[in-house]
Each structure stands twice: as structure tokens, then as C-alpha cells.
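Structures are listed in the sections that come next.
Each of the two complexes below includes subunit A, the first together with subunit B, the second together with subunit C.
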Partner chain A sequence: MDGVFLQSGTPTGTANATANATANASAGGPIATLPETISGVLGLSGTLGDVVGGLLGAFLIANIMLGMTALAGPWAKRKITAAFTDRIAVNRIGPFGLLIIVADAVRLLSKELIVPEGVDRPAWDLAPIILPFSALLGFAVIPLGSGLQLADPETGIVFAFAAASIASLSLVMAGYASNNKYSLLGALRSIAQNLAYEIPLVVTAASVIIFAGTFQTSEIVAAQTETLVSLGGVSIPSWYAFVNPFAFVLFVAANLAEIGRNPFDIPEAPTEIVAGYQTEYSSVYFVLFYLGEFIHIFLGGALIAVLFLGGPAGPVLPGFVWMIIKMWAFFLFTQWARSAVPRVRIDQLIEMGWKGMLVLSFANLVLTAILVGVIA
Partner chain B sequence: MSLEESTPDTVDTGVTTAEEIEALLGDLVLDRDDHLNAPGFVVRPDQVQDTLFRLRDEAGFDHLSCVTAQEYEDRYESIYHLKKYDDPTDEVSVVVPTPTDNPVSESAEPVYRTAEWHEREAYDLVGIDYDDHPDLRRILLPETWQGHPLSRDYDQDRPQVVPLREHANPLQEDHEGDEDDTMFLNIGPHHPATHGVLHLKTVLDGEQVVDVESDIGYLHRCEEQICQQGTYRYQIMPYPDRWDYISAGLLNEWAYARVAEDLADIEVPEYAQVIRTMGAELCRIAAHMLAVGTFALDVYGDFTAIFMYAVRDREKVQNILEELTGQRLMFNYFRLGGVVWDLPEPREDFFEMIRDFLDDLPEALEEYHDMISANEILQVRTVDTGVLPPEVAKSYGATGPVARGSGVDYDLRRDDPYGYYDELDWNVAVEDGCDNYSRLLVRLREVEESAKIIEQCVDLLEDWPEDERTIQSNVPRTIRPDDDTEIYRAVEGAKGELGIYVRADGTEKPARFKIRSPCFSNLQTLPEMSNGEYIPDLIASLGSLDIVLGEVDR
Partner chain C sequence: MNQWIAIGALGVMGVGIPIAMMVVSALLRPSVSEQGKTVVYESGEVPTGTAHVQFNIQYYMVALLFLVFDVETVLIFPWTLIYRSALEQGATLGQVLAPMLVFIGVLVVGLGWAWRNGAVEWIKSPRASRRKTERQS
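For the complex of A and B:
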């Protein structure tokens, strides 16, 4: 394949240098990953080039994600919820209240880090680090468009799911190590929930993989560039959300549960079990959890975009911008659900997962397999 | 005599006369001690259960409204205020005197479940022992408190030491039995969903509630004692606002106004009654809005639009009430014999304001139904959870939306009319579901009914002739009811039957002032509703009870 579609439009902002480099690098073959581009620009080669390029690339991607999270957590979340509930929300500091991000960061980080008695120390400290780490790890294989992709292994999508699943480990560690019953309940709930929803999630993703015939994220994206139908000169690409809307809905629902957002925010369930697994965390550790949750939302959005919405593809704007728009659209969706949908009960959630979603996702998989087998 | 005995277990809709009761009780009656509201019968402390069983099963007194305990110079006394759910004007008081040196009386708990908490409170504050009581512990004060604050020999200056040993090892109670895999969980006193400082001692089996016990008293403010130190005429009147501070102010004020007016035989002008009725219903809407909003918060689990919408509508009501009373929360608008001032001028603007609100209300309610009661997930969450069968509700003395959500058709505004309610056209909202959903629906429907009442009141007030606008009757500056006059009167508050018992001793201050809080009785039903349910349902049930801890703990 060639990377022409991925580079449509003008590169802007941070992506400027790298995108140009990508355009050069990809002229004669598969698109270069970000580390390759960076080492190419710096003129480094061999192991040194891999290391420097990898580190710089990872640094760049992680910072983009953390920057988005900083915007989403203290500011956008409040603004969006306020819009849904007829309020104004933060508007005092800076334009549109944007500097609340700085104020909140200072506030949260300057709080005392309370370490409760009897916590299981290494686990308790590691949990808040693992959560954002696992989500960031998933971004390693996500094609963010405009050449921003850290790695493009053949098993890319599997790696993304695997990395995202590490989050459960973090929640369990936090819940177990906190020496708090609410935390324990939250941790147990999160295990039950992730078991019940990860299977439908992955099985639904498998139906897309059957269509695309590959695990490689860039290939999945490329497979969606073909025209599905042409309506009056406008060609609709064969995004899997259009090809198989049923799988799309299933995946979005399972993804909500996977990242623990309303109506499936059961591991936290503020009115029931206080704050679930993160009850005992304060200050920096709390910020890390908070960050981790938001990066997970964005990772969820990125996975949906890659699997169902053509990845970074889109008209006029550069691919990277489209990818960001799609991720934020999913973020908006989670906040919408948060403002409007009641939380289901834990037993109802499990029942929906095992008796409903699992069956539907397997039905979807089998049907897709038959269809693809017959047509192809 | 034989009439009553020949028809046991039937609920007689007719009023049972004092003579019939006396004949029914026969030799159980030692003496008569009539109260202004009801005939009173003195019985022996060891025959309480016999008496109450007979009254419940053969005369249909199925509602133990309140238990008042007090100490006289020569004796202790427990008073059981009985009513009928079918006709709350049909009342009887069972008076149980016990000697000062041995204040032991038989418990009424086997007859009425609600007596458990009421008697615990009597034991806690006054110091009467109840034989046969399943769990006679302090309820409002800490377990280690020394002395009983409402008894005559209580030493106020004695330092109270509350040792920390109670909190020594909170994990000790983790296991109910050696083989059970249960977990003990403290929900509260600081918890996002306890609506105040309520402490639920919960035993869990996995996610399911095996047992829950409410630990109350964190907000005990000696309300009864404070009232006993105030004069009838002026000093008590502003205080009821503070009992249930969820903007049920005028409803609470009415409870005191009603009991004091009946006690001192004060007439209230009709015009003032209409204003009172209107104000009280506005308060009910405000209170129900908050109840619905917080219930949605409990079930939805996050800060949702519903809470903001409910607060928005509540705000409109509060603006109206501010115009009327000058206050937004602690109204202090009622006076004995009427209200403090007339409607604000210009009256047209005020009526316009209310009408605007009433015009918008159907649409707002439609919105609530769209967002809450028609929401499928909410229905899955609330239908058939927190089930409270009507018989259980009655036994626990549940009233208000909690009782009406269990199909108990009981509303003092209609059944024991006061104010201007019996002149107006409105309905009592009753739902038969007995679950969390029904209680939610009852509140939403009651808002509609309140709106109807307010509209009729506005119509009346608009046409009221100018020279007949008497807002207060002539009330003596100092009120001194006769010595040893006793009265128990209740009104329909936002949460249910808010009753007050007052004993006068010939001075200008009450000798005993006892508040029957609806939340106190309603909260007692929580274990019945949530045992065997999941934690989220426990939280939802608690939300559906709509308790205010200020009123529970008094």
C-alpha cells in the first residue's frame, strides 16, 4: 500500500516537521513509523537511531496524549457536563477558564500525599503508575495520522488490546493494596466487569479483522479507504462503521464498559462505594489515576477510530487532526452518557455482558465470517 | 362492648368512641387521662402488650404514631399515641406510668415494630426501661453517655467522656459467624449517598446486603429541649424551620402552629388559612424537587442534568417563597393565629409570578417523566427493588410518600383536615408498586397535586374582598395553657406525618415537647427494604426514603 491517503491535506503545528519527513520517506514504499522518521531527520542510523528515534517519538506521542488529557480532565469535562446541565462551569481564570488547568494542576499536586496505614506498599505505589502507562502503551501502535505512528507491528491491534487490559491489573492492585473495603469492592467489580466485557470487545474487533484480513493497524486503516458507495459524486469510504453498524454499536458499548464510563462506571460508582479502587488515593497518585482514566478514554476512542471510522482518514483536514477529532468525539460521547444515562447495577451489568453482549458479539463474528467467506 | 369483640380483625371505618374502647379494654384500664386530641387510658406497665394487641386487632388502631416518654415528680410515663391508617382522626392514647425507683415497662415492639426505635429513644433520653425489648440501647446519644438528659436528676455539668475504644478495631466485626463469608462495611457517617450524617452498619455477603443497621444521632441538636425552653407565643415559632431544613419550613411551622393553636384554642382567620395552605404546598414542591433530584443522583450515580433541572425548578419556588416570606430557607412566616404579614404588594405581580411558575410546571414535569420515570435503565434499577409491603409499612409507622408508595392511602391533609385543604379539589397520590419506583412516582404526582392546590389558593386570594383580609386573629401576648393539658397533633409534612406532643404545666413554656419526625419512622423501614438486595439498591432505597438527618436526629 502507499501512504498517500494518510497524508492528505497540509501538515500543521507539531506534526509539521515529521509529516514532511514522512512524505519524503514514504515516497517509495510502506510508510515510515515516527521513530524511523526522526532518526532519518537526525541522520542517525543503526541501534543509536532506533533508540533516539524511539525515545523522541514516544516522548512526543505521550506528550500529545497527556496534553489532551490535561485539556479534557480539568476543563473540557467540566464544560461539557455544564452544557448538559444548564450551567456555565469554569470561566474565571484565563480565556474560557482555560487556565483552570494550571490552577488545578498546582492544587492537586500540592496536596498532601496521604499514605494510609496498612497499605501494601509496592503494589499501592505501582498501581497509579501502571494505569496511565498501560493506556499510553496502547498508543504505540495507533496510527494517529500524518505519519504519527510509533510502531506498526503485524499484530498491532492485538497489542493495543493487550496493553489496554493491563489497566485491570492496576485497578486490582489499587483496590487490594489500599486496605479499604470500598477499594476492594471497586477492584472486585472492575475484575468482574472487565472479564464480562473484554471478551465481547475483542470478539467484535475480530469481526473487523476478518474483514480487513490483518492485525496490522495501518493495514486495517488502509482497508477502509476503498469506496463503499458513491452518492452524487461524494464517495463514502468503506469504514467498518458503515459496513457493519451492528458491530460498531456493540464495540462502542463494550468499550464504555471496558474503560469504566457511565453507564458502566461501576468500579468507581461514587454514590455507592465512594470512589471504588481510588478511594484512598490523594495528590499525585490521584492525578495519575485521573490521567490514566482519561488516556484510556482516548485510547478507547482511538481504537474505535482505527477499527470502525477509518482511522485518521477524512477530507480536507490533515489526518492527525481527524484522528484527534474522532477521539474527542468519543470523549464527548462518554460525557454525554455520563450526564444522561443511569448507572446499571453490578449484577445487571454482568448479566448484560455474559448473556447479551457475548452472544451478540459471537453471532456477529460468525455472520461476518460466513459473509466474508461467501463473498470473498 | 360485645359489638367490638364480635368482630375481631375487622377494620371499623366508624369512629370508635371512648366508651367503646373503655369497654373493650375492660379491667386493663386503671384510669382515664384524656388528652385534648384523644381519650387516654392508663394501664399497668406489665399489661402494655395486652392492651395494644387488643386495640390493634379488635378496634383497628394499626398506626402507632408516636411514643412520648416523660418524667413527672412522682413517676415516669410512656404515652403511646395510636391512630388508624383509615381514619387518623380516630385516636387513642395509652398512658403507662412507671414508678421513679423502678421505671420498667413492657415493650410495645411485638405489637408495633416502630416501637423499637421510639422506645430506644425514650430509654436514651428519659431513662425508662422496656421489658421484652429486642435491643434496648441508646439511639441518639453515644453508647457511653452517662445519665438520661430528659430525666429530672440529670446533671448537665457532668463531663461526658466518650472513649475511643469503640473505634479500636473496626475489622473485628467483619465476620458474622465463623463460617460465613460476610464483610462488615461502614457506610457513613461520611459517604456521598447518606444524605447527611447517617451511619449504616452494613453486613455484606459479596455485593449483597445481609443486614443493615442505621446508627443515628450524629445531628442530634436537643430540639425538644430547646422548644421546652421557649415561650409558646414567640420563641418556638421560628424553630421548626430548622428541623427539616430542606425547605420544608412552612410545613414544619404548621405542625407547631397547629398544635399550639389547638392547645390554646386560637382561631385562625380563613384568609390566613388560604395563605398558609398555599405557602405549605409551595414548600412541598420545593422539598419534593430536591428529593427527586437527589434520588436521581443516587441512581444515576453522577452529576446529571436531572439534579440541575430539579434545583432550577426548586429555585423558582424559593423565589416565590422569598417574595412571600422574605426568606429563602428559614421562613419564620407563620404566627399563632395566622401569618406574619399579608401577600407582597403589588399583589398582581406576586400572583403573576406564581401563575408563571404553575404554567411552566406541567412542561417541567413532563421533562422529569421523560428523563427519569420513562428511562428504561432507571426502571430496571428501581422497579421491584426496595420493596416495602403495605403491612410492613404500617407496622413501622411509615407515612408520607413512603407509605403512599406502598399503597397505603393515608394523607393527613385529607384524612385529618386542617388549613384550607378540605375546601379544595385535589387528590392523594397513591401507588401500589411498593418499590423505589413507586415512591419516586408518588413524589412526582404529588407535585402535580400541590400545583392544583396552589392554583386554587391563588384564585381564592385574588378574589378575596379587601376588607376581609385578616392575617392574624387576636392572640394574647402570653399564652399559658392550663396545667396538665396534653395534646398530640400532626400535619402532613413533605416527608410524612410530622406530629408534636405538648404537655402544658400552666406556665408560658411547655413542660414536655415531643416531636414525631416522619423521617425517624420512615428510616426504620430501611432494613426491610434492603436486606438481600445489592448495595446500589440499598443506596437507592435510602434515597427513596428522602430522609433529612436533621429531622431524624432532632
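For the complex of A and C:
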């Protein structure tokens, strides 16, 4: 446990960390964020530099996420599920069927938009915008490595949680406004799910904050570069997944519920309530829901990476590549769970959340606090 | 450098990209004026009534509990932030840990009370359980 006693902001330079992670951790002062880099390159300063750099940086980050979603949604998801169920899936268009992404994008965008009878119009149209908005907003504070961090406010990780939770507002709007009974049930289920899992998620994150002593995402990442143990010359970094594996498992489970993936995809539950809140959506609105959901999966993966897996840190490869690998590992895990685990019922979920996860997460928080207090 | 300008910029992108996609789609997609398809989907049945009805939300007690615990997490977060640095600056466990243990303890007692009362369970509607017993007898 020696490695974890790192005051936030202390420069570190462990042998194990990559050049990039070391640069991140040992910069000493505040790390240059992406907008600062961009405005520096363009030679702009002041508010104009902030706005231009911010917009360009935001455009870049948003497009990285869109690109990952495009790869994950129409292609990787099918390929992974096919591999689990011993099928081949998309392989007709382009190498490995990759051009299905273009074909599907054009196909879905050029579908007719059917507006059902009796929909609650402004809410019905706003809901598909809010879901990708909330997921993208969370990425503002995530350090993607290699200097790709849009902003690094002191309340970073709390902001990411807050932004990610806006999503359930979108699901409720969509479900209620659709004037469809399946959608209404989906919306109500999504609220119940959020109620059951928001608190275990946040409290488990709080147990990590006890170690790191900061909300700033870059500092949380920096605190994890310290060496935990050295095994035969290879130093294991003090990633909080190694320091507190129990919290890691809890957080991953709660995160699956937060993003609504199997076994907690209760708001959609295609075999029970058609598609839940998105039953009545077609064309671009459906694409936006799909997009928002996938960005949410990646945001969940990014939060896990930042809190428990050392963020963009890793050997040999540059930080950005490691961050992408970690996010895709979580995506693969969600798809694995999708193929392997049956869906729980909503009343079971509430009992699991309130009688299991909540109690366990508080036990984790208290035990972590006591251990840190006694050892320190 | 104001961090929140950049976050706001991503917020603008988060709204702008969906709207741009909507515009592209509006240019690409056809519009066929035919009425039958605007009926809401109910597995092929003709829907009866709207979905905007009074509905028995069976977890409302859980929602009330959630409010309590949500406020609690807000109060826990600042404590986690200062906990270690307070210890390192010489505060005793009695000063930094005990009050929070009491605070969490009170809430856990509350949770236990709600648990015993059956508030954290999916409330079974009396009519549904009556019907079930009628069917069985």
C-alpha cells in the first residue's frame, strides 16, 4: 500500500510509466489542455483564443467519439455478437464488411421520419438531441491521453457523473412523449434503474476519491502512476483497480446499469417491451438514440479507465491508444455480457440496487476510509 | 484559461452535431403522405386510448428514498476530498472519520427501517394480488 500515499499534484516520474504518462504526471503545474494547445498553435490569446480553441478542440473530441461510435455500432457490435453466437455477420461490403458503416449511415439517415399520432411534439423532438448531448458533455473532462483533454476543472469527475445522468431525462422525455404504452413503460423502468444504481455508482467513485484526494481527472490519473509493487523488475502501477478490486467490480456492475446494458438493459428490453422508449422513433431520431447510447458506453468505459485503470497510462504505446484500448475493452465487456448474461427483472433490479449494491458500496466506502485512516 | 468555455464548446457541439444530422436527414429522406403508418406501435393491434394516463408507479417510495441518499452523496463528496490531507496534517481519526461514520450510520439505520417496512420493494398493486388469489381459488 506504500505506493498510494501520493499527495495530489506531487510530481512523479516512475520508471514504468510511458513517456506520455510521465509527461502528464510530472508537468508539475496545470497540464496544457487541448484548447490551450490549439489556441497556442494558432497564436490566439484571451477570450477569442479560448472560444476558438474550445470550439475546435470540442469538434475534434466529438468527432473522435462519433468515429468510435460509427465503428462500434454498425460493425463491431455485429461482429462481436456474431463471434459469440458462432456466426459470421457483415462481410459483404468492403474489407471485413467495414464499409457497412457507410451503407448503414446513409440507409438510416435517408429513412422516412414517421411521426406517430398524438406525440408530445417539442419533447418528442428534443429527446434524441439530449441523449448524445449528455454523453458528449461528459467527455469534456476525460483525459484521453496525449494532451487530448478538453478541460480540467477542479470538479472534473463530479461533472462527468452529472453530465452522464442527464441521459435519463432524455429517456423519460422520449418515453412519455411517444404516446406509446411500451415507451411509457420503458421510461418508467429507466427511472427506476437510475434510482437503483446512481447512488452505488457515485458512492463507489467516492471511495476512489479518498485515495486520490481530488476531483480533477488529470490528478486522479496522475495519482495512479505511482508504483504499487515491483515484481521482478516490472513495477505495477497503483491503479485503483489493483488497490481496491472490490470497488472496481462494484463500479463496473453499477456502470453497466447506469448505461443500460445487459444484464441491465431493462429500459429497452426488446423481448418484453419492443424497444422501450425508442419504439416510436425512426430515421435520424433513431440514429441519434443509437449514437447517444454508444457514446454512453464509451463514456462509461472512460470513467472506469480514469477512476480505476490509470486513465491513459500504459507501457510502450502512446496514452491516447491506451485510453482507446481501455474504452474498447469495456465495450467488448458490455457486448460479452449481452451475449452471456440474461436480463434481470425490474423488481429484481430495485432489490439488487437497494439491498445489495447500496449496502456493499457503503461498506466499501467505510472500509476504505478506515483502512486509509489506520494505515496513514 | 477558463475551463468552462471549452466545456460549453463541447455542449455546443453536442447540440450542433445532432441538429446537423437532422438537417442532412431532412434533405435525404422521402416524405410519403399515407396515414396508416402514423398509428403507434402496439404489436400490430389497434391501440386503445393514449399512453398519457394515470399510471401506478410502483417504486415511488424508492424514489423518495433516493432523494435522501442523493443529498447524502453530495455531503459525502467534500469529505472524501479532504479526508487524506486532513489526516496527513495531523487530524485524528476521531475528528475526521467518526462524524462521517455517525452520519452514514444514521442513514443506514434509515435504510434498514425502510427495508423492514418493505419500502425498497416493488410495490404489488392490491388489485393484482387480489386477482391472483381469486384465480388460484
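Following the convention adopted for this analysis, the second predicted complex is superposed on the first by the 347 of 376 C-alpha atoms of A that agree within 3 Å, B and C clash if a C-alpha of one lies under 4 Å from a C-alpha of the other, contacts with A are read in each partner's own complex, and residues count from 1 in each chain.
By definition in this document, a residue touches a chain if its C-beta (ideal position, glycine included) is under 8 Å from a C-beta of that chain, and two chains touch if they have at least 3 such contacts.
Just so it is clear, the structure is predicted and the values come from calculations on it, not from any experiment.
Touch criterion met: A:D86 reaches subunit B, while subunit C stays clear of it. Using the contact criterion defined above for the overlaid structures, shared-chain residue A:I100 touches neither subunit B nor subunit C, since it reaches no partner. After overlaying the two complexes on the shared chain, residue contacts for A:V372 are found with subunit C alone; subunit B is out of touch.
Contacts of A:D347 after superposition: both subunit B and subunit C are touched.
Once the two complexes are overlaid on the shared chain, A:S339 sits against subunit B while remaining clear of subunit C. In the superposition on chain A, A:A269 makes contact with subunit B only, not with subunit C. Touch criterion met: A:K181 reaches subunit B and subunit C at once.
With both structures placed on the common chain, the touch criterion links A:L148 to neither subunit B nor subunit C. Touched residues of subunit A were counted for both subunit B and subunit C, and C has more of them. In the superposition on chain A, contact of A:L195 is made with subunit C only, not with subunit B. 181-182, 274, 346-347 are the residues of subunit A that lie in the contact sets of both subunit B and subunit C, per the superposition on chain A.
Within the complex, the subunit A residues that touch subunit B are 81, 84-87, 181-182, 185, 189, 262-263, 265, 269-274, 338-348. Touching subunit A in their complex are the following residues of subunit C: 1-15, 17-19, 21-22, 24-26, 28-32, 37-43, 47, 50-52, 55, 57, 59, 62-63, 65-66, 69-70, 73, 76-77, 80-85, 87-88, 93, 96-97, 100-101, 104, 108, 111, 115, 120-122.
Remark: subunit A residues 7-8, 33-36, 47, 50-51, 53-55, 57-59, 61-62, 66, 106, 109-118, 120, 128-129, 132-137, 139-141, 150-153, 158-159, 176, 178-184, 188, 191-192, 195-196, 198-199, 202-203, 206-207, 209-211, 213-215, 274, 279-280, 283-284, 287-288, 291, 346-347, 350-351, 354-355, 358-359, 362, 365-366, 369-370, 372-374, 376 touch subunit C in the complex.
Against subunit A, in their complex, subunit B makes its touches with residues 183, 185, 191-193, 207, 296-305, 307-309, 312, 371, 375, 377-378, 380-381, 534-537, 539.
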